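There are two complexes below, and they share chain A, which is joined by chain B in the first and by chain C in the second.
Take a look at the complex of A and B:
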C-alpha cells in the first residue's frame, strides 16, 4: 500500500474532506490556501484563494456547487466549486472553527471561537435568501456560553447540528429554533472531530481524552468506545465495513521533545462491533490531524501536523480480513 | 538508660540556656534606665485610680509564662548521705559539695538543714534549669565521697511523685482482642496466585490485583488510599500507606485498617525483617529533648518503642536490622551503635568506637556485621566481620590503596562480596577487586577476582553461588557470570559483550535473571538462564523505569512510572523466560509492588521430594492451564459474539429509520437519489484524467 503524498501546504493540515462522489479531496491547513485534488492520482486540481490566515475547516455541498471554508482571519468564505471564484465573504468577530452545508446544500452553518472578548456562536445562513449574505446577517445566531465549540457537523435531513465542545460535551442544536434538543457528556476532554456515518444515523467523535466514541445521531446515546494511549485528533467511519480509523498522537507542543517512535503517529483501525484494533498504518512524522474515508471505502486519506496529506489505497489483504467470531 | 549521646545533648542545652539568661538580665537594665528618665514628667496614676483592666486583656499572650510558685522545683535535687558536720566544718563541706555538683550546672541555691549544731546529713541544691538537675541525678547518684558516705541523689519532685504511687497494684484492664481475620489469607488462593499493589492516576488511586495470566483480577480498589506511596511489609502481611499525619497498616482479606502510627510528616519507613517493628522517619518535629525524627514502633500493639534523632546520616534505612530482628544498628561519626529488641536499648549499654567507619551491613544469614574502615596514614583499610552479641571479630582483611568499598551479601548470607575500588601503585586509573568471603567455611577464606573495566552493576544469585557483573563503558558493556565453586575457586562461566543494560535483576528463586537498560537505555531487556548462561529472549519496553520480579520467580513486570516519565505509563507482565503476557496501560501509573510471601514452611528434604516428583505435578498443571485457556478463549468469543449481535440489532434499527426518511432525503436534494454512490448514474459526467508520468534520465558521471 504505497500512499500518494500530497504536498500542497506549507503548514500543518487542519482538515481534509472528500466530496460526495469521492473524486475530489479538499484540504486546508494553517496556511491560507484551500486545495482541491483528484483523489485518484493526487493531482492538484486547483486552489481557492482569499483567506489571509490559518484555515480551520472546509466543506463542499452534495452536488459540488459550493465550497465553504472558515479561517482564523475571522471570516467564512463561500467559493464556486468549479471556478474557484469567491462568492461571498462572511466576516466574523473571531476565528471560524467549524463550518458545513446542510443535507440539501441550502443552509450553511459555522461556529466561531470564544476569543478576544467575543463569545462562541453558531450561525445559520440560508443561501436561498441573498440578503442574508449581503448584509452578513445570519437568520439565526446561537450563543454558546459554557464551553466553546471545537467541532460540529450537520445531523440528518438538515434538522439539527451536532456540536462537540472543549469540555467534552455534545449538544444537539435545532437548526430551526436554535434550542438545545439533546445533550450528552461521555468524553472527559475536548472533542477534536465529529464525523457522520454514510447514512448519518450515527457519528464518531475523536477526543483529547485518548478515546473515540460512536453515538446515535438522534438520541445521542453512546454506542461504542475505542481506546488508545494518545489524544485522538480525528476519527472516521468506513462507508462499507464496520471499521473505524483513528488518528492522533502526542500533542504537537510535546512532539519536539520526543522521537516519532514514542509519539505514536499511526492511523489505527478498529472493528466497530467488538471495539478491537486490527491494524495500523505508519507514515506521518507528526500527529495526524484529520482523517477521511473515501465514499467507496476503498481508500482513505490522512493529513498531519507534518503538513502532508497521504492518500492510501487499501491492499487486497484489507478486504480479505475477516474477524474471528 | 545512660548513654554518651544524651550527655552531649545535655551540655549543648546548658550553653543555650545560659545565653538566654544573659539576655534577660540585659533587658532588666534597660527598664531601669527608662524609669530614671521618667522623673521629669509624671505618668503616675492619681491616687484614687482603680485599674479596671484585667491582666488577661493586657498580656493574655504571655500570661501562661507567668512565674508560678512551683517554678524551679524541677531544678532541685536532694542529696542524702552527706557527712554531718558542725558549723566549724560547714564551709569546707560546702566547698566539697560545690566542686562535685557544679560540673552539672551552676548551683543557684543551696540549703543545709541543721539541728543541734550538726547538719542533718541531707542537703538541697537548686540548679538554673531542670536538665542540670537531671544530669546531677544521673552523674552523682552513687558517688563515693569516702568509705562511709555514698551520695544518693534524687530529684526533689521525685519524692512527691513516688509518695503518691498507690500501694496496691491494679491489674491492667484487659484490652479486647480485635480479630482481623486471617492475615495470611492471600496465601490460600487455590491457584497460588500472587498479589500486587498498583498506584495510578498520579497517586489518586491504589489497587490490589491478583496476578492472573489472562488479565489482572481486582481484589481491592480505593481512591486516595495513600498520599504518597505504599510499602508492603517484608513478609507481605501488611500494606503501609503514607499520610501527612502518619502511617496506616492494612491487611486481612478485605484490607481493613490494622494499626495506625501517628508521626507528623512521615516520609520514609522500614520494617524489621520479622515485621514486629516499624521504623518511621519524619523531617519535622525533632527537638533536642524529645527525639522523634525516627521512631520505632511495635506493629502488634501500635506502641511507640523509642524515638531517635536523625543525626546526619544521608542514607535510608538509617537503622539496619539483623536478619532475625533481634538487633538493629546505626552508624554515626566514628561510632557503630547496636541496639537490641525488645528493650530498644544499646547492646551492653555502649556503642562501638570504630575510627573512620564508612559503611556496615548485617549478614542476612546470621548475626554478623560487616563493616569497613578506609586507610589512615600507615594503617591499611580493613574489612571486619564481627559476631554479635559477643562482638568477637571473626575475620579481618586488610586492603591497600583503597578508594571505595561496597558490601554485597548473598541473600542467604553464604557469601559476602566486598567490591573494592583500588588505585594500585604504579598504575593509572581504578581497578576493581571482588573479595569473596565464604562465610560457611572455617576462618572465612577469601578469594579475589580482579577486573580492570569499570563496574556498572553487581548482583548475587539470591540462593545460589553465582554472581553477575555488568562492566565496561557505554556503549561497550559486557555481562559476565561467575560461579563460586565448592572448593573456593571462582570460575568465569560466560561473558557476553555488547549488552544494553545498566541493572541486573535476579529472579528471587535464582537461576534466571533480567538484564535491563532502564531509563536512558530505552528499556532494553535480556532474559538470561544462568544454568547454561543462554540468553532466552531479548525484548524491549521503551523507556521502562522499573523491573519487579514476583516473589515466586514465575513472572516479571517492567513498568514506565509516571514518577520518572510522563507518557506511556504502563506495566507489562512477562514470564521468567521473557514471553510478553500482558500490556496494562493505566492512566498516570506510578508504582507496582508485588506482595512478598513469607518464607516457606517446607524443609529442605520436602522441597527435594517435590522437585523430584515435578513431572507428576506439571502434568496436572498443564491440564489445568489448557482448561482455563479453552475457557478463556470461549469467554472471549462469547463476549465478541454478544457485542456483535447487539451492534447488529442497533444497526438494523437505524437502517429502518434511514429507509423511512428516504422521501425526505429525495425532497431535500431535488429528487436526486444519493443513497448509494451509483444510484444516480444517469446524472454522471464522464471525465478523462491524464496521469502524468515523468521520466527523468540522469546520466551518472563516470
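Take a look at the complex of A and C:
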C-alpha cells in the first residue's frame, strides 16, 4: 500500500478521528490548528482556527454539524463543521484533555486537567440551551478527586461517559446524575486512549503499562488483553474483522537516547480472539500517538509524534490473510 | 582518455536529472534589453502559465518555476480522476467549499499538505514464525531438549540432587565407587581437575555444601592458574562463523569430539549477533586436536569453517 501523507501540522499529532460516515478525517496536534481532510484522497477541506495552544482532543457529531475541540489554551471551542466558523468558546480553568459529543449531538462532554491548583472536572453542556454556552455554565460539573482523566468517550445511548485515569482506573459516570456507576482497575498505568467499537458494545483502552485491553461498555468487564513491549498510545477496533490495531512505541522523551531500530514505531495488528499479533506496518519516525480505523474497515490512519498523519488503504493481502492457529 | 570526451558527453548523473526534471535551458532574454544587468533579475524571465490538461481520467498539471540556479524547471504532475459512488450526504460534503487555511486551495489535493508516501507493506507474522521467535527468546527451552543436564546417578535429564533414585542408587554407587577407589563421575573428568570438588554436591543428602567445607576445600593453595593453562592448551579457535551462530550451535557441533569446558562466542555488544569467531576449550587436548581435524574446512551455514589452535593469550 502507498500511504497518503498529510502534512497539516507542525508538531506532534495528539488525536485523529473519522466522522461517522468515514469521509472526513479530523486531526489535531500540539499546534493550534484543527485540520479536516477528505479521507478518500487526503485533500484538505479546511482548518478550524481559533485556538492559541496545543489541541488535545477533537470530536465531530454524527450528522457533521459541529466540531468540538479542547486545547491547552484553557478553552473548548465549538465550530461549524462546514464553514469552519467558531460558534462558541467555552473557557475553562485548566487545559481541556478530552471532549466528545453524545450520539445525538446535543450534549457535549469535556474534561479538564488537574493543573495550576485546579481540580480535574468533567463538564456537561446541553447545546440546545443557549444560556449554558453564553454564561459558560455547564448543567453538570463532576469533580474528580482522585487521579486525573486522561481519556474519555461517551457510552452507548448517551447515558454515561467512560473515563480512563492517570492511575489506570476506569470509571463509568452517569451523564444524568453524575454518579460513578461502575469502576474497574485493570491497568497499572495511565490510560492514553479509549475507543469504542462501532456498535458501542465494547471499547478498547490503550495504556502506558504496555497493554491494550477490551472491556464491556456497561459492566466494564475485562475481556481481552494485548501485550507489547512498549507503552501503547492508541488502539482501535476494526469495524469488520476481529482485529485491533495498536500504536505506540517508546516515549517521545526517550527517543533521542536510543537507537531507532528498537523504537518499535510500527502499527501492530492483533487478532482479538487469540490475542496474538499477526501483522505490522512501519512508517512513522516517532511513536504513534493516535490511530483510527475507517468505519468501513478498509483503511486506517495513524498520527505520530513526527507530526505526520498517514492514511493507509489495505492491500488485498490483508483481506485474504487468515492467521494460523 | 576520459578528458577528451568529458566535455562533449554529459555524465550519466546529468542525464538522469534531465529525464526526471525536464530542465529546460534558459530562454533567450526577452526583447527589451537596454544594458546587460550584472545581477540576474527574476522579473526578466517570463514563466509560462501553469497548464492543466484533462485527458479521460488522467489530469496532468504542468507548472514552471525557477530553481536556485535560476534554471527553469518544468514540473509535471499526473493525477488519476476517479468517480466513486457515495451516499448523498457524503457526496454533498465533497462539494463543500474549502475554508480556513485551505480557503484558496484549488480543487483536488494540495501538494503542500498532501503527498503520497513510499510504498510500505504490512509484515505478516504467522504463528509459525512466532514460535521460532519465542524459542530464540528463551534459550533455556532449547537447552532442555538437548539434555544439557545429566544426572550423575541415573544419567537422567535432571540435576543430580533432583534424582528420584538419589536415596537408593546414589549411596549404592558411592559404595561401589569407594570400593573401586574412584567415583562414577570420575571417568568423565579431565585429569587436571580435582575429583572432590565435582563430587561434593552429591555427597550425603544432596544439600548444598559450601566449597570451604567440601573435601577439596581442605587442600591448600589450589589456584586456578594451572587449570587455566591446561584449558588454553586444549582451546581451539573457530573462525568464519555466520552471524546467526549461537553458543548452542557450537555446542552441538563440537560436543561429539569430547567434553567441552568453555565456549566463548564473540558477539556484538548492541545487536547480540556473532562476530564470526569463537573459542572452544575442551577438557582434553586430544579432543581438541580431533575437533580441528574434523571441523576444519567443514561447511556450516554456507560458510567454510576455519579451525585452528588458539594462540595463548599474551598476558
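Everything that follows uses one rule, which is that the second predicted complex is superposed on the first by the 323 of 325 C-alpha atoms of A that agree within 3 Å, B and C clash if a C-alpha of one lies under 4 Å from a C-alpha of the other, contacts with A are read in each partner's own complex, and residues count from 1 in each chain.
We adopt the following convention: contacts are C-beta pairs under 8 Å (C-beta built on N, C-alpha and C of every residue); 3 or more make two chains touch, one makes a residue touch a chain.
What you are looking at is a predicted structure, and each value in this text was computed from that prediction instead of being measured.
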Task: Clash-or-fit label for the pair chain B, chain C on chain A - done: clash
Open item on the list: Going by the contact rule set out at the top, does A:104 touch chain B (first), chain C (second), both, or neither?
Closed with: first
Task: Partner chain in contact with A:295 - chain B first, chain C second, else both or neither - done: first
TODO: Could you look at A:130 and tell me whether it touches chain B, chain C, both or neither (first, second, both, neither)?
DONE: neither
Open item on the list: Quick one: is A:216 in contact with chain B, with chain C, with both, or with neither? Answer first, second, both or neither.
Closed with: first
Open item on the list: I'd like to know which partner A:275 touches here: chain B for first, chain C for second, both or neither.
Closed with: first
Task: Partner chain in contact with A:21 - chain B first, chain C second, else both or neither - done: both
Task: Partner chain(s) touched by A:40 [first = chain B, second = chain C, both, neither] - done: both
Open item on the list: If the shared chain A is used to align the two complexes, which stretch of chain B, 97-105, 151-159, 385-393 or 403-411, clashes with chain C?
Closed with: 403-411
- [ ] Find the residues of chain A that appear in the contact set with chain B and again in the contact set with chain C.
- [x] 21, 23, 38, 40-41, 43, 63, 276, 323-325
Open item on the list: Quick check: in the complex, which residue numbers of chain C touch chain A?
Closed with: 84, 86-87, 89-90, 93-94, 96-103, 105, 108-110, 112-128, 130, 270
TODO: Spell out the residues on chain A that touch chain B in their complex, using ranges where they run on.
DONE: 20-23, 38, 40-41, 43, 62-63, 103-105, 156-158, 199-202, 216, 218, 223-224, 229, 242, 250, 254, 258, 261-262, 272-276, 295-296, 323-325
Open item on the list: Give the list of chain B residues in touch with chain A in this complex.
Closed with: 542-543, 567-568, 570, 585, 637, 640-641, 643-644, 647-648, 650, 654-655, 657-658, 661, 664-665, 668-669, 672, 674, 677, 687, 689, 691-692
TODO: Using the touch definition up top, name the residues of chain A that touch chain C in the complex.
DONE: 1-8, 21, 23-24, 33, 37-38, 40-49, 63-64, 82-84, 259, 269, 276-283, 310, 312, 314-315, 317-318, 321, 323-325
